[in-house]
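Some structures to go through are shown next.
One chain, chain A, appears in both complexes that follow, with chain B as partner in the first and chain C in the second.
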Partner chain A sequence: MDIVELSRLQFAVTALYHFLFVPLTLGLSILLGIMETVYVMTGRPIWRDMVKFWGTLFGINFAMGVATGITMEFQFGTNWAYYSHYVGDVFGAPLAIEGLMAFFLEATFVGLFFFGWDRLSKVGHLIVTWLLAIGTNFSALWILIANGWMQFPIGARFNADTMRMEVTDFMEVMFNPVAQAKFVHTVSAGYVTGAIFVLAISAYYLLRGRNIALAKRSMTVAASFGLASALSVVVLGDESGYTAGQNQKMKIAAIEAMWHTEPAPASFTLFGLPNMKERRTDYEIKVPWVLGLIATRSIDKPVPGIDELVTMAKTRIKSGMIAYDALDKLRSDRGNTQLRATLDAHAADLGYALLLKRERADVQNATEDEIARAADSTIPNVPVLYWAFRLMVAVGLWMIALFALSFYLSARRQLDRYRPYLWIALLSLPLPWLAIELGWIVAEYGRQPWAVEGVLPTFLAVSSTSASNVLFSLMGFFVFYSALLVVDAFLMLKYIRLGPDAAIGRTAHEEAA
Partner chain B sequence: MDYETLRLIWWALLGILLIGFAVMDGFDLGTAALLPFVARTDGERRVAINTVGPVWEGNQVWFILGGGAIFAAWPPLYAAAFSGFYLAMFLVLLSLIMRPVGFKFRGKVKDARWRSFWDWSLCIGGIVPSLVFGVAFGNLFRGVPFGFDADLRFHSTITLFSLLSPFALLFGMVSLAMIVLHGAAWLNYKASGAVAERAARAMGWAATAYTFLFLGAGFWVMQAQGVRITSAIDPNGPSNPLLKTAARVQGAWLQNFSDHPLLWLVPLFAIVAAGLAVAFKRRPLLAFLMSALVPVCTIATAGAALFPFLLPSSSEPDMSLTVWDASSSKLTLGIMLGAVALFLPIIIAYTGFVYRVLHGRVSEESIAGDSAGHY
Partner chain C sequence: MAERRSEIHSEIVYILSGSKMESRVPRLSREIAILLCAKLAALTLLYFLFFSPSHRITVDAPTASDHILSTNTHP
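After this line comes the complex of A and B, so read on.
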């Protein structure tokens, strides 16, 4: 493997791993806030016990999230140095603001959440818990503003003097429609994860016939919060689909394995076997109209297919070559205004010309063959996206059904009545993580070959460090993270088995006495 | 505000963030580094850990924010420094990753070997970053072999072992002594019993070591080759390090001090503060504030010597990164300045509130029996 593949693998491993912990932190922080609010409003100690118990599990998970997040903040510099140079002027700002506005808040108050029970008033501690939850959620907002820009790079333009993208309108970067849709979709998915976590572990207690009062109350909160969140994930997932339909047509076409443009309104393929080599999908089962409605919100606009998008990419590559030629000449003739005008006119396609860098250094002299190969390289891995998307959606629909059933049972106060239901709730525990990791794959693997859509190809974005360095760190992270995951799972299981009484500790005994 | 002023402000803010990290995260790194030495029984170790338990997480954000701010305000520096120091950075990340899990997981199992493992992990997690950040500064003074191609793609011949020269290791020792002093001053202020007493003794050793190492590094820098810009400077020019010339000159890092002799007060204060921290150790809060001045003055000394250089190149000095050619665009610097001006006072306010809530010494009695809250 070369340095590009190693760096991509390392980023995928560390990001997917970090993303095992973040969604649970997002969801549990809000659930803790809700439970503690009930405690402060009703004064019933069982609600405080719930906050302390779920808080203990939250703490174990939070430590892992923080530990693996440290890597993410620095990995752009260590492994994606050219990316950092090329788009740091835009991409760095939301990351820094995340630290200022969100992570400081979250990390400062997480200490008081655990250590402040005896030092703060009831309301004081409640405020601390909500500040922790707000910090966590703001954190996700700024990270997704940064990520949204990689999917839909607006509010910036190329500067030939500094050889990089620079911000022209920060409001556009901040209020990027893709970022907004992704933010709500992603935090809702986090809320679903938190809700399933509480639901499944409470179901385990009910199955064992222990801690029944605490488990039933926890399930009631999880059921209603989870139902609202699961509906929001799907609705906002649809919003993501719509915004992606506006700017990442290739991603939509690949998810659908739609090789040719279909007459409007496009149909959605429920099942099929995408064939990358022959560029067709075998054994398709189609549902008419659905894709057209999702991607264009209309019945008369076509959704372009992969072949047509490749042809469009060829045009953009040729336009980009003109931009690159002007840029190259500008290096020795910095004052030439005519060259600058040519560059500006074609700057939007410069990224497409950079796709040719894999073929040759002097991309302005590329041959038709090389252009065709570069245009083909804009097709992401169709079968992976096709299946990852379908599995994710299936899990999402399952969640809605599960939460709707839970909500119904909790309204009828029959949560502990049906053992098969409790088993289903318990066994659904891993599903949100599956959906979330698949969602990451659809969004980020589906962005390939781009690091920043249409602006910077991934293979150019890497650092110039040696491949052996990256191999070494990749193996290091792999071994280290695997060991930590074992310890994390061990502690989680230990504290779930010990149950609420152990987590609440002395306080419970005092009350009993 | 013009581009030049924004760049100067962001150079100062870079220093302030590094100082924030060294002062705030410094005392908990120092506490962790001292952990197995000043605390011997499990009860003592819990005292030491719980002095920083509720606050280290917030402190570490200074480090994360430092990374984010360099990314946003000095993207070429972010790209060059972190990819150039690849394996050193990897070591720092691994040792920092051990901290959140070490603090959180240690107390979760009552087993002597389990706890001892996490104690040593925390200790290494305190020592390695302190050492490596010092080594990184040493390499700034020494210059590192790097350059850029016409597309501004960074290239270098740096290896982990080329970073570990005796010169740079001396800087690493300065940094470690400074952090240990600060951690000892914290424990002297916040812990109690035997832990506080041993920490008070450690202060004397650390301050002495710091003073000699700092002076030694200073004399070595006087002999070393610095870098000086030899072409005209355009402080409002584009951020492109290919547009200037520079040369390596012996003693160039003293130029700012001979131009502005008042700057000599900064390193002088560093040494005086280290001495005063020890002298005041029976008035622990004052001693801690003095030990906090040591990183302030040490980092300020380095900044004053290196200005306007951010990352000097030893192989292609022309391509060194400076304040004038390695910043973000004017617009980004302005937006980020607004964000800092808005949020930093708020951060300082709520951090102050948290420390006030947590006032008082930590003792074995104060954390006894409470299985839920304390580590």
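After this line comes the complex of A and C, so read on.
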């Protein structure tokens, strides 16, 4: 593996690991807010016990997860130095705001949440719980604004003097439609994770016949909150698909394994076996119109296929070669306004010319064959995206069915009546994590070969360091994070087995459910 | 009335059982504290081994220019 692959692997491992903790924090924090609101409104001690018990598990997850993402920020400095220079002016701002706004909010209120029960009034503590939830969600917002910019880089332009992208309109960066769609989709997925966590562990208690009242109330909250969240994930995922259909057409074409442009409205491939080598999908089962409606929200606009997008990439590479040539000449002739005008006219395609750096050094002299190969490199790994997306959607639909059933049983007060249902709820525990990790694979693997879509190829973003350095640090991460995961699983299982009584420090209230 | 009685009963159970279970609370706090210390130590170790300033690559405009407009191809 070369330095590019190792750096990508290290970042992917860290991000996927960090995101085992984040969605549970997002979901549980809101659920704690809901449970405590019921406690303050009704005054029933069982709801306080619920907040304390689920709060304990939230605390373990928070303690384990916090700071595991910070190593990604370290990696920007060590493995992605050119990325940091090239887009740091844009990318750094949301990360800094996240630290100042969300981390401070979380860090302050997480302490008050755990140690403020006897020191704050009921309403005061409730406000703390909600502020903790808001802080957690703010954190996701700023990270996804940064990530959204990598998918759809707006509000910035290239500066030839500083050799970097610089912010021209921060509001445009902040209200980037891709970032906003990703944010709501991601936090909804986090809410589903929190709801499944509560549902599954409550099902475990009901199966064991213990803490019945607490478990049934918890399941009721999880069922209604989870159903609303799971439906939101689908609706907001559709919004995310629509924004990608507008700005990341290659990603959509790859997810659909759509090699050729179809007449509008495009059909959705329900099943098929994508063949990268032959550029076709075998044994396709298609559903008419669906892709056209998802990607364009119309019945008369075509969705471009991979081959057509490759042809478009060739045109952009040729335009980018003009920008590259002007930029190269500007090095020795800084004051030449003609060259600057040429660069500005073709700056939007400069990134496409940089794809040629893998083919030859003097990209302005690239041959047609080299241009064709660079254009082909814009195709991400189609089978991975195709299957990851379908598996994610299948899990999402399963979640909706499970929460709908849970909601129905809860409304009929029959949550503890059917043991097979309780087993299904318990065994569904890992599914939202699976869907979320697959979602990130679709989003980030689908962005390849770009570090920043259309602006900076990934292979140009890595540092000029040795592969052995990255390999050693990757091994260090692997050992440390694996150990942390074992400890997390041990602590979680231990306190789940001990149950609410241990978490609360006395026998939990058991009202008639 | 019955509900009020049940609430009072719950509170009595709460008070009476408090001393029995309380010893478990410090155990969780202690375990989380030990965990956070171990994690901090491991993160610090990772930082010094792989991320301290000596491991960072300094990139400025001329370096970036050389990197992007260099006469070398990239892997």
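What we mean here is this: the second predicted complex is superposed on the first by the 505 of 513 C-alpha atoms of A that agree within 3 Å, B and C clash if a C-alpha of one lies under 4 Å from a C-alpha of the other, contacts with A are read in each partner's own complex, and residues count from 1 in each chain.
Here, a residue touches a chain if its C-beta (ideal position, glycine included) is under 8 Å from a C-beta of that chain, and two chains touch if they have at least 3 such contacts.
Owing to the predicted nature of the structure, the values given are computational and were not obtained by experimental measurement.
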For this session: Kindly say whether there is room for both chain B and chain C on chain A in the superposition, answering fit or clash.
Result: clash
Exercise. For A:D501, is the partner it touches chain B (first), chain C (second), both, or none of the two (neither)?
Worked result: second
For this session: Considering only the touch criterion stated at the top, classify A:V395 as touching first (chain B), second (chain C), both, or neither.
Result: neither
For this session: On the superposed three-chain arrangement, identify whether chain B or chain C touches more chain A residues.
Result: B
For this session: Look at A:A81 in the shared chain and tell me whether it touches chain B only, chain C only, both, or neither; answer first, second, both or neither.
Result: both
Exercise. Looking at the overlay, does A:R331 come into contact with chain B only (first), chain C only (second), both, or neither?
Worked result: both
Exercise. So, A:M64: does it touch chain B (first), chain C (second), both, or neither?
Worked result: both
Exercise. So, A:D2: does it touch chain B (first), chain C (second), both, or neither?
Worked result: second
Exercise. Which holds for A:E359: it touches chain B only (first), chain C only (second), both, or neither?
Worked result: second
For this session: Using the touch definition from the top, say if A:F459 reaches chain B (first), chain C (second), both or neither.
Result: second
Exercise. Between chain B (first) and chain C (second), which does A:L112 come into contact with in this model arrangement: first, second, both, or neither?
Worked result: first
Problem set entry | Offending stretch of chain B which, after superposing on A, collides with chain C (from 145-153, 217-225, 307-315 or 343-351) | 145-153
Problem set entry | chain A residues contacted in one complex by chain B, in the other by chain C | 56, 59-60, 63-64, 67, 70-71, 74, 77-78, 81-82, 84-85, 161-164, 331, 463-465, 469, 472-473, 476, 480, 484, 487, 491, 495, 502-507
Exercise. Which bits of chain C are touching chain A when the two form their complex?
Worked result: 6-7, 10-11, 13-14, 17-18, 20-22, 24-25, 28, 31-32, 35-36, 39, 42-43, 46-47, 49-51, 55-61, 63-65, 67-75
Exercise. If you look only at chain A, which of its residues touch chain B in the complex?
Worked result: 52, 56, 59-60, 62-64, 66-71, 73-74, 76-79, 81-82, 84-85, 88-93, 95-101, 103-105, 107-112, 114-120, 159, 161-164, 166-168, 170, 331, 463-465, 469, 472-473, 476, 480, 484, 487-488, 491, 494-495, 502-507
Exercise. Which part of chain B faces chain A closely enough to touch in the complex?
Worked result: 53-58, 60-61, 63-65, 67-73, 75-76, 78-84, 86-87, 89-90, 93-94, 96-101, 103-105, 108-109, 150-156, 238-240, 328-329, 331-332, 335-336, 339-340, 343-344, 347, 350-351, 354, 357-358, 369-374
Seminar exercise, completed: Within their complex, chain A touches chain C through residues 2-4, 44-45, 56, 59-60, 63-64, 67, 70-71, 74-75, 77-78, 81-82, 84-86, 161-164, 324, 327-328, 331, 354, 357-362, 459-460, 463-465, 469, 472-473, 476-477, 480, 483-484, 487, 491, 495, 498, 501-507, 509, 511
